[in-house]
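Dropping the structures in below, format is structure tokens.
First chain A sits with chain B, and in the next complex the same chain sits with chain C.
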Partner chain A sequence: MYRMANYDEPLLNEIEERKARDVEIKISDKIRREKLNLPSLSERDVVKHFIHLSQMNYGVDTGIYPLGSCTMKYNPKLLEEVARSDKVEHIHPRQDETTVQGSLEIMHNLEEALCKITGMDAFSLQPIAGAHGEFTGMLIVRAYHESNGEERKEVIVPDSAHGTNPASARMAGFEVVEIPSKDGRVDIDALRSALSKNTAAFMLTNPNTLGIFEKDILEISKEVRKVGALLYYDGANLNAIMGKARPGDMGFDIVHLNLHKTFATPHGGGGPGAGPVGVKAELEKFLPVPRVVKEGETYHFDYSSRHSIGKVSNFYGNFPVLLKAYAYILMKGSDGLKEATERAVLNSNYLMSKVVGKHYTLPFGGSRMHEFVVSAKNLKERGIRALDVAKRLLDYGLHPPTIYFPLIVEEAMMIEPTESESMDALDKYAEIMNIIAEEDAELVRNAPSNAPIGRVDEALAARNPVLKWGDF
Partner chain B sequence: MTEVRDNLLYTESHEWVLKKDGVVRIGITDYAQEHLTDVVYVELPNVGDKFSKGDEIATVESVKSVSEIYAPVSGEVVEVNGKLDDEPELINNSPYDDGWLAEIRMDDESELEKLLTPSDYEKKLD
Partner chain C sequence: MKKLMEKLGIENIDELFDDIPEEIRIDGIDIPPGKEEIEVEREIVSILKKNKSFEDMPSFLGGGIKPHYVPPAVRHIVSRSEFYTSYTPYQPEFSQGMLQSMFEYQSVICELTGMDVANISMYDAATALGEAARMSKRVSRKDVFIIPKNISWEKKSVLANYAKNAGIKVEEIPYDREGRADISALEKYGNGEVAGIYLENPNFFGIIEDRIDEINEMKEKTGAMVVMGVDPLLLSIVKPPSEYGADIVIGDGWMGNPMNFGGSRLGIFSCRKEHIRQMPGRIIGATVDKNGKRAFCMTLQTREQHIRRGKATSNICSNEALCAIAFVSYVAIMGRDGLRSVAIKNMENAKYVASKLSSIGFETPFSRNFFNEFVAIPPVDAEALNEKLLKNGIHGAFMLGQHFPELRNGLLYGVTEMHTKETIDRMVEMTREAINDV
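Let's turn to the complex of A and B:
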């Protein structure tokens, strides 16, 4: 049976309260304006605390992590080594550009590689998260229409869209129009009737969040173009097509990528990420500045575009993440990227074939790309919901899938095993999911019983969030 | 067991309507609250706001998702259930009574005829 490390680990300030203060933080009263609420603990206590927490943790290094749409693939350790090189750690963003030519070269080469992978003409590496990339893309959409003297107000999204899509469009000042799906894909008739001269863009994930490839994408892009709108590619699911098919060839005008997902840089717990945005040539002038440009054999930052939407982050983006992604691309090569994609899709379909059955049903038939969504609604008769299955998986030492998304599937469980997992790991996952479906309902409803923290009261946490410790 | 009350009218999108003198009280059904799971936040309209049938009139956020609530009839909001600000869980515990959302003075009472009867709504849930 799986056993997780289980310490009754207090917060740092609680540890401090328990013992005599053995370390004093010495800061002169002259520069200290307020009482400092920092715990004063010895190095030994702090190290013990964080090691205990890390032992109670679960990550991609611990085991399978099939969180749908998050692409929690294994992060090769070589990438960490590269990013920890002195040459990277000791540079400063305010250094003169003549002294960081190597770093600029890496950024320039990464932009070129991403252009090749996506079929776009130019990239900006500035956005530091996927949703940040979407927001940047939406600002470019707005700048494009404004430069044509048009004030288009609407952005269309399908009802299977990632929640960040409508949020990013709203943040950029657009009204969001949601269209229904038909058999798990974009309903072209619904799209056609939603499109108008007021449409600024259509945001689409391909394959979509059900893991289904939008096979009518060329027709979709034709319809979008017909009304003068732009087609936006949410790159969250690029791991299904990387090296095999290119958004640029499908008619997308703008893409954002999640380097931290598709290109194997560690993420989770809120970062760090990188959400580069790529565009077709006619939109290049709107990209954030500075751009990294090559003149002769030297590289420099170019701030000259008058049409640019401006800066979207401090300095030049999350450089260590960019570097890791570039190292990943070089390590894999174009054949390796293709192979990763093929394996990700194979793993997903293999696991799906083992999971789908009388307990978990597959809405909309057919095969899937890199992820699949099953419904756990058959278990409701026994009083078990998707949430309960997810919690019970923790008792077996397995990370649960994404649940209750996309919203168009009842009791959704969205599973993305990625290319990293072996056949054994996939077999075990399917076996445990099916065992849980037949376990005592009470046991499943009360899970986890084997983890350091039991069932968390999510409603209380959302209604009354406590986001700090101490008296800050 | 999902409760459907005999004295109410319903919409396809799982709102209920209670006819009172000159106004209607609206809320979401037992089926809707069960599917949303624990409600953690409710965004209500303001008194005086005017809506057409089908407009987004409120937003209900649960631990699972954020859902729009649509005006079942056209009219002006004359009262809202302010208790939901502090106790959003009333929607789960008492969807048809204490968890009501708003009261609307209708523009056109004939709109009521287009709503689902309790038996229509029950059929829809089957």
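Let's turn to the complex of A and C:
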């Protein structure tokens, strides 16, 4: 039976101080700090502390991590290795261009490869995460319409969209119009009636967050174009179509990618990631500065575009993440990326065939791609919810799927196994999900009992915020 | 693949891609075929060889980012793959390690800044400033956000993007003869006109802020929120921003994180308790599990995009979590007294460089105390000087002229614990020679 390590690990400030010493601070009395309430611990104790904590954490290296929409694929170790060089780490962003030709070349090559993969004409690597890419994209949408002398106020998103889509549109100053889905896809009629001369853009994930490909995409893009709006691609699900289709060919004007999903850079427990933004040629002049340009055999930063939206982050993006994605693309190459997609879709369909049944139902008809969303609503009559199934999976040493997203599916469980998992791992996952559905309801509701801690009282955390060690 | 396809009863993998319209189907990507691991490693190493790192070429660049030592133990900790291959801790029972580390990070930030709460990170210091401006508007319902003229142009540009679409007007105040934000320029604003005022400690010219009473008075008079941008290292030896009247504290969370060409570093974001509902980003809280045992989880999520969607305080989802783990493990490894010694070392090294440069004819236009950066004006053309140094394998200081025309020949030096006396003396000697040559 699986067991995760379980230490009653003290907080850093509860560990015995062994390295205190006197330090004289020669600075004027007026501003000198007298008290600094941080511990001075021995290296031995600090390392032990964090190793214990790491053992109370689950990662892709630990096992299957089918968190839908997150593409938790295996992160090849070479990627970590190449980023550990002093030629990556000890490079100052303000260095003379002649001394950072290697970094610029990597960025240039990565931009080119991303263009080829997506069918876009130009990329900026500056955005730091997916949502940051969306925000950048929305700033470009605004700049584009303004350059046409138009002030369009609305951005349309489907009700299945990720929360960052409406949030990013709002941050860029747009009003958000949400349209209902029909049979798990964009309802073209609803879209048509929402579109107007006031529409700045339509944001779409394809395949969408249900794992369903929007097969009417060409019609959608025609409708969007008709009113002079732009079509925005949320690239969270690019892993479903690499080497099979390109957002650029579907009529998308702007895309963002999540390198920490599709391109195997590790997610770090919530970052650092990278959310590059690609555009069609007519929008290139709006991209953030600086752009990386190649002249002869040398690379430069180009700050000259008068139409650029300016900067969206301090420097050039999360360079180590960009480098890792580039290494991944080199490793996989044209066939490897296509195979990754094929295997991801195959794995997902295989797992779906084993999971969907009387316990877990598949809302909406048609086929699924790299992920699928089941509803656990049939278990409700036994008093079991999607959350309970998720917690019970922990007892078996398996990471649960994304739950309660997308919002349009009741008791949603969104499952994305990725290409990394073996058939055995998928068989086991499906088997356990089905076993759980038939287990004693009380047992499932009380899960987990094998994890380092029992179910967490999240309501208490919100009601009585304890947000630092001084708050206890 | 074959086995799986058989099980699914499909003959051609493309059956699974039937929903993609024929017109847009492709087969493969127009990039080279995959390579062996060993080839990829060789190729990347050979490209990166064209870079000159701090090891190859000591540099005296400042302007926000500077080289700092990363203890091996920190690297070891963030290389634990249970940490770095995990996702955002949506399942707290399987993520206690990450969650507790993040809680400790928040605790450390609050201790350094004197704030009540910290989020787990923003993307970087510039986006943290943008978020702070937006938050000050949400809290105050006012539209004007004031910044000193002497902050980095990158921050100004990012801020403009975050501010303008929220209806925020960014206005600048000049810096005074001593290189400090001229807070007397705020007198023209009436009480209640301003949402927030941004100040830095140390500021872009490296100057340590010591006007505690004046800033508090100005805050009282304008009724504005004070947003302070800090170097966390300086906070180990000077009074926390809370005593300067700060309501929001942001900064570049470099601790434990290498320079990385400016990326993969975190934006510090912390504030006072009364404004927590308006705060952007992820927050970790302590609670108990069902058996009453101490536990940690993400909390106050009703501010966030996955719940509030368009009405969230920010769109941020993924942040810089692993950089926060690097930060907190850096602080833990260095310890209180270790941090303070490094801070003092930074200040002493910078002073040493400044005095050496003065002795060979540099002017230092601002007489105030500085931390680990300072402005100096060489007796010859700054650009020509830097070119000479570069030829001799040393990267000179940051040229201010492009962004501060009034400091046309000014150089911004960054000096830290990474600069040994030998390196400094070599740089000064070469500078002296260059001055004679130019």
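One rule holds for everything that comes next: the second predicted complex is superposed on the first by the 446 of 472 C-alpha atoms of A that agree within 3 Å, B and C clash if a C-alpha of one lies under 4 Å from a C-alpha of the other, contacts with A are read in each partner's own complex, and residues count from 1 in each chain.
Just so we're on the same page, a residue touches a chain if its C-beta (ideal position, glycine included) is under 8 Å from a C-beta of that chain, and two chains touch if they have at least 3 such contacts.
Note that this is a predicted model, so its numbers are computed, not measured.
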Classify the contacts of A:K377 with the two partner chains as first (chain B alone), second (chain C alone), both, or neither.
neither
Looking at A:K182, would you say it contacts chain B, chain C, both, or neither? Reply first, second, both or neither.
neither
First, second, both or neither for A:A462, with chain B first and chain C second
both
Between chain C and chain B, which one touches more residues of chain A when both complexes sit on the common chain A?
C
Residues of chain A at both interfaces, chain B in one complex, chain C in the other:
163, 458, 462
Please name which positions on chain A make contact with chain B in the complex.
163, 387, 404, 407, 410, 458-459, 462-463
Chain A partner contacts - residues on chain B that touch it in the complex:
35, 37-41, 61, 63-66, 88-89
